[in-house]
């Protein structure tokens, strides 16, 4: 089989993986909003009542925004890695499928956290999903390098930059999650600030990942 | 990293952003219909009863169509901008992710409006989401220009045309939304007419955006 | 703007429209199954009980399969048309967005029909959505031709073939729907047979559309 | 029509089929998680109570992971076949649409199994969907070969390798499903192990399918 347009196939497979990932992220992003339930009409009799009901949705809106940031960050993180690959193999594809499985857990983890926003366990569960995503991205890069799937001409320090980036991000996530000892809201605020920082000032270290 | 097939990567990233956007819009469009609930079978005993139940869905059907138009218009608006870009950077990508987050709010805003179709606040909420989408598209173009990401050879007045287009559309949306002082239905009718006008006669000013 | 890589842009726009359509069809296909509700666990105490509950789902399964065929047929129909276009314009794109809006109604029409499978109105509603899809595809081709958007070198009789194909299919759908005067199940059987015929022996007339 | 850029069209059609498949798989994967219901807030008054409620979700989590593996395996299986095609025809496309219809049944079969995890019939239903997917992939390859749609230069034993691969996998699935005579959990464990084996050590026989 290797004689058969191998490169074209390999590139095609990468394209398929990207298309699957874009689909999973798009659905996960949109499903987040399904958790924003429209208030029950029976209980509401005025604009003021509706305003109160919408204000009561604020915790859900905050967790919605946090999860949208989470999904955006990991969508970009996966994209940055896939951009550096020339082709893929089964191990790498399966690591990415496992990564997508953890991405699919984000809407559940978000709904859990917004329903039990005062419960430490809900916060820890959310953090475990983030940890899992980081671990799987790191594993996927390790497997890609081991199998020589990366493009030629990558700069020397690229591996260290990628691992450090994941490590630093996960250390900050863990620190933010640890704040739940004091209060879940402190954790959530720290995670949101951390992610806004990544979104608004994403350059870390010498390499500006694409 | 810039030496590494930068242009190919940049184009690929644009393609990924487009794929994510197509996915989000596709899911959001389809989710709109989830709000069209099939009438409960127990309460209905004849074709006439079913006809009455379907007629009672008319407000939901109108808001469904309005939101489909909204999504179509902003899908085309984002597409027009992305078509003018040669490549993207993180700031622009994040502005578009924020834009997609506001797109994902449309099904919720639609469900809210169709449930509380007489409540001014529901109409204002819907309008705020539209306003947000317009602001984020304008911001995204501003950032793209500042970072020199647009294609070469764009006509001179293109920036003014883009901003004016957004400004005019948002001014008309705001005027339509303001009609809710009289009646939400007046607002909805004005928004639908305004959007049909965009869909059916989209040429405004000198530049016919693609 | 027309000087700016117009063909590339136009092709890109066609690609975006196709990507949006693939997304909408994929979500609509998958949403169909959401109507297959898992039986309530409380009422079931044995494999025999579960078998009875699954058998009771048969009407829903039949309408699910019918709608999957419907979506497959119109996905192919739209694809055949878009394959013949060199580029698109706003009118054509909006006709296709309207077509996608009617596609999004299929899960609702399916749920309605499977819930009210004995009610003539539910069958008529389903048929109206099919009629709408046919009309919008015909309109879209008419607008494409009027604006000269088709590829060069199309065979002479292509227009007649496309319109006749839509006309014949819609006439058969209308005849099948009219059987609901006798029984909805007669209509459903006729529609399923008709669609299986299209799926299994799709060549009609001189032109085998791609 | 065959004179009209037939190859380009055929390739485009393959691309559309892949895009539809990626969309269906992405939505099906994400919908799996919708079955993971957040525990009801009223019944829970402490982190310990939430932990107990999450532990009670374990069966659902196991079936979720099993189905994610199922979807990943069949996504790769379909991809491997489509990679070997130069173009498609209607029969092949319709076989793949039927395949996607069976893919869409996976979330339902998963929900059924996780709700009735002790019921043999639920396990058998799940297995029937897997069997259907295998049969449709085999049929699709048979039709592709009969119509001469495969790429040139495929190695001699490719057909035998493809059919044997499907046969072996389906025989193992059937054996795993047969374990439900003893216990559904034995079946589920066997299926998960079997799938992990495919995911982690996918090379079977002489040909490592792409």
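First chain written, first letter: the chains are A, B, C and D, and each begins at residue 1.
Criterion: a residue touches a chain if its C-beta (ideal position, glycine included) is under 8 Å from a C-beta of that chain, and two chains touch if they have at least 3 such contacts.
Source: prediction; values computed, not measured.
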Subunit D reached from subunit B - shortest hop count over touching chains: 1
Rotation angle (°) superposing Cα atoms of subunit C on subunit D, nearest 5: 90
Counterpart interface for A-D, drawn from B-D or C-D and sharing over half of its contact pairs: C-D
Self-contact between copies subunit A and subunit B, residue sets same or different by half: different
Centroid spacing, where centroids are CA-atom means, of subunit B and subunit C in whole angstrom: 25
For subunit A paired with subunit C, centre-to-centre distance based on mean C-alpha positions, whole Å: 35
Touching two or more other chains - residues of subunit A: 19, 22-23, 26-27, 31
Complex contact set, residues of subunit B against subunit A: 1, 3-5, 9-10, 12-13, 16, 19-20, 22-24, 26-28, 31, 90-91, 93-94, 97, 100-101, 104-105, 107-108, 111-112, 115-116, 119-122, 125
Subunit D to subunit A touching residues, read off their complex: 18-19, 22-23, 25-27, 29-34, 36, 38-39, 41, 44, 47, 50-51, 54, 65, 68, 72, 75-76, 79, 83-84, 151, 153-155, 158, 199-200, 202, 207-210
Contact footprint of subunit B on subunit D as seen in their complex: 23, 26-27
